[in-house]
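The structure appears below as structure tokens.
Each chain carries a letter (A, B and C) given by its place in the written order, and its residues are counted from 1.
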């Protein structure tokens, strides 16, 4: 016994841990990370990237003249740079319009990704839309995960009547038709981004709760849990050290998929006329601008390709990045791979 | 591949060949929603588009003319008592789709039914205001707990307003002379319904016995909602959700139509409609805007675009300016902005100078539009094209702003929100353009734009909370009063919401309502238009030139702005 | 097992009660003039909004409105849907078969293909087939549904001139309308593929199938992509387990280990997701329905939500509650069947 106590292993630092090593060695993990970092950078430097094409209102709210905008917003020493980056006024999320023509215009020098129907600058919309995507995606999934883990975890761990009660409550929320409920809530309480996010989160957590609970039930029945219990480990310790880490894998996959899908849900809402106002920098909005332009004139069916290809690509890459990342994290956490 | 599968596969390919529609069939794909097929309840384009082909009115427009009429179910008429009495002589030998013969009894029943039921969301109000003097049904006008006597009086008014003299003479007794009444009778819902058939199927009995039960009833729960028995060249086969199927009526009294079968399909997605047109699965589709037309439809093989510079829709839109914005905690107007901002004519004129009509027509309508001089469709009586339109002139606008509120407004600034119906791109563009132009003048002018969902819009409009908003109105009947009163009279349906109250305008409008001579009326309306322009009571917006898109084998198409479907099915044919 | 099922079923009424209460409660946040949205469709009608509010009792207090609704509902009267222009139950009877038919023809192929592809990707991990499957899955999952839908309409229907939109081609619509008006064709189930057979009209069945191809394909591609990924990850989990290594070490052929043992266990999370997806598809998929012009539950529910058509929203929410609760019960039962280690008290 004394030897065992003396051989108690040190807590190894994260950077030397096996988890990190496994992660590092997986090429797709690096690709995924690279993609996500790319988007993070685009989001952070949105003002700098779009300094030369900002809308009048955004400039006005930042107190900048158009001529000095490019200089100021690319200069990290200037206070307005930080204001724009950390807490930009809401008007900066309005995509500037060049004219009002409903016909899209192809990419040009000034508008490298083209103009969508209505004169909206696609480049601007996609760059600032990255901020919206992160904001919405992380917040919604975060909230939903939190609620889901709490409820699903408690349900699976405690069992008994608590499980029953919580699961019935989950059933009620589950039983709501998701999209319809979100639409009703948004119609009633207003179309702000906050309302949309809360509505989607409230509708989304039951999936996590149920999945977690199911996995916990499965894991609880595993042999090594019985073994740990036989060795004298307490209930809570078993839960946090053995049951939870083994149940959470699929949850992380789902969550990473969901960060992408939230963007799609908001796009669906825009399709139905309930997204954040038309002209708001959001990828879903941008795809919806393309709605009437997917097919071009006779002979040039793909004439307006830029209206839907760029936004779709932006979304697809975002989803891919998170997926690869999520996969890689799961692989790295898996003690037996 | 087994041998017995071959014929099936062949059958599959054969059925593909039947994709294009046959010569005696007409398929029309449009968007929207058929609300109801009951003429006393229907008030939307899609529903009336069906009703106008299945039911018939006393008189009707001659093809595409708004001023020439032809007798339909009536063969002649007289106006007596200075415009208080209308006598129609009905056509003999007309049969309903059920086989019953049409007589004056059916006409009396149909009109009395409109007056009795008159649901709040239906068209009955403009008949009721001429025939009984109220515009709502008995229960709404008198209240749910009125005395039996009051209800009796209302019934007597209804009973007396429409009477039969013999089998083929119909008499209308108006409460006062109404020069718009004839035009009202051309509305598709002023149709003659088969009374025997309706009563037999549980509709109102036509008598005093159960009239009060039917007052204000939602007719969508009745028999006439989904079933039709009229005198028209087509009879309804079936209405199921998105499809309306009709077929030619063998016993029609008039010339038999060449199109024998009609399918009207509601297809909400524009891209899908266009593909169906290309494939020949539809003979006509609604395209909606010139941008799509020019960039995706024009030049397609097998497609014909019908258009003309002379075509103008029977609608008019303006930007409304609220003379006195109401509502506590109103989010659409700044806390320090005076609620009566638009009561100053200089502010109104300034805004008018900042609407770039040319840009709107160029950008949104690709040049296919006309500027309106007043809130009236150009083809209507009383429209004056010589009234000037405020041009886009930022300098003049600035000068007007500087004169406003004794010069104080320019220094104080203001903050308002332009609202529009969410989803309406035209109105959104108008709002954003106006915002850009106003804000460019003076940094203290803050203009926001906001799209409102329909429930929000209803709530805010009703409470007169909106400071400035673009909106339009589609004609109910081809008479200028249908526009002038709602837009310019202090009690008008639309003007009410902007707290408009200009006694001179009210007087002129009421005078026009009493004048029977059309030329004199026209003069009064022109005066109204000119006065409205000087006072910049609202800002008229340009109208888009309409167009029709069909397969090129469809012939006989014309454009009548008062027809919900722009033309009648009986007038077209396919080669 | 039986007591478990019965107990869960008995909880259904409570769920329905909670759902309906929450919805009616939410609607109360709006003043009557806003709730009139479903009744007022145009400016002309707005002029008479006060009468409309009185006529339809939109200003009655919350409990009165709810109690009236409950009473009616218990008698089978779920009110009148303004959006569908018919009583709520009738609207269901008309639209549920449309959505269910599409769900049925999309679900099974999707399930089969996804499980197969997911398993394949897991077994040949990191090889070419795995990479292809993963990229395709992400691609189809992240394409906005309507872009895919419109692309299919334009390319397959428009350009290649195959298949059709809506439920049936126009000539059949007209013909069946005429036939059913005189009793020569009966819509026994509302499932056109079935009704065609029951009426002896194989051409109707064939046409309905052809018109289902494109919308079903859209659903299969978009929903299937998600299922593929979850299947793959679940299968990977299983393949990493000790018993798999042991079985292979013992000499059992790979095919047996993978397909007979591992996949069976990997199906557990799939069951949850698949059950959900099926319920979701039956509920109606509004974007697909709009693009392919199918008058299903999705379109109706979406319009009802935006126009605050209260009876329709309530009716639809209740129907969903029933479907989802039933699906959950079935899923839980399947869990127990597939994994003998899971037991219910």
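Assume a residue touches a chain if its C-beta (ideal position, glycine included) is under 8 Å from a C-beta of that chain, and two chains touch if they have at least 3 such contacts.
Predicted model only: the values in this text are computed from it and were never measured.
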So which chain is the furthest away from chain A, centre to centre on CA atoms? B
Whose C-alpha centre lies nearest the centre of all protein C-alpha atoms? C
Winner on C-beta contact pairs when A-B is weighed against A-C: A-C
Roughly how many whole angstrom separate the Cα centroids of chain B and chain C? 37
Please tell me the distance, in whole Å, between the geometric centres of chain A and chain B computed from their C-alpha atoms. 45
Could you grab the centroid distance between chain A and chain C? Build each centroid from C-alpha atoms only and quote it in angstrom. 25
Out of chain A, which residues touch more than one other chain, so two or more? 187-188, 273-274, 291, 294-295
Any chance you could list the residues of chain C touching two or more other chains? 30, 150, 154, 158, 306, 308
Among chain B residues, those touching two or more other chains are 271, 275, 453, 455
Could you please specify the touching residues of chain C with respect to chain A in the complex? 11, 14-15, 18-19, 22-23, 26-27, 29-30, 134-135, 138-139, 141-147, 150-151, 154, 158-159, 226, 229-230, 233-234, 237, 240-242, 268-269, 272, 276, 280, 283, 286-287, 301-302, 304-306, 308, 313, 316-317, 320-322, 324-325, 328, 335, 339, 341-342
So, in the complex, the side of chain A touching chain B is made of residues 56-57, 60, 97, 99-103, 117-118, 187-188, 191, 273-274, 277-279, 291-298, 303
Spell out the part of chain B that touches chain A in their complex, as residue ranges. 270-271, 274-275, 289, 291-292, 294-296, 298-301, 359-360, 363-364, 366, 422-423, 425, 428-429, 432-433, 436, 439-440, 443, 450-451, 453, 455
Which of the residues in chain C come into contact with chain B in the complex? 30-31, 33-37, 39-49, 51-52, 54-56, 80, 82, 84-86, 94-95, 150, 153-154, 157-158, 161-162, 164-166, 169-171, 173-174, 177-178, 180-181, 203, 206-207, 210, 290-293, 295, 299, 306-308
Given the complex, residues on chain B that touch chain C span 11-12, 15-16, 18-19, 21-22, 25, 27, 34-36, 43-44, 119-121, 123, 125, 136-137, 139-140, 144, 216, 218, 220-221, 225, 237-238, 240-243, 245, 247, 261, 263, 265, 267-269, 271-272, 275-276, 278-279, 281-282, 453-456, 458-459, 461-463, 471-474, 476, 486, 493-494, 496
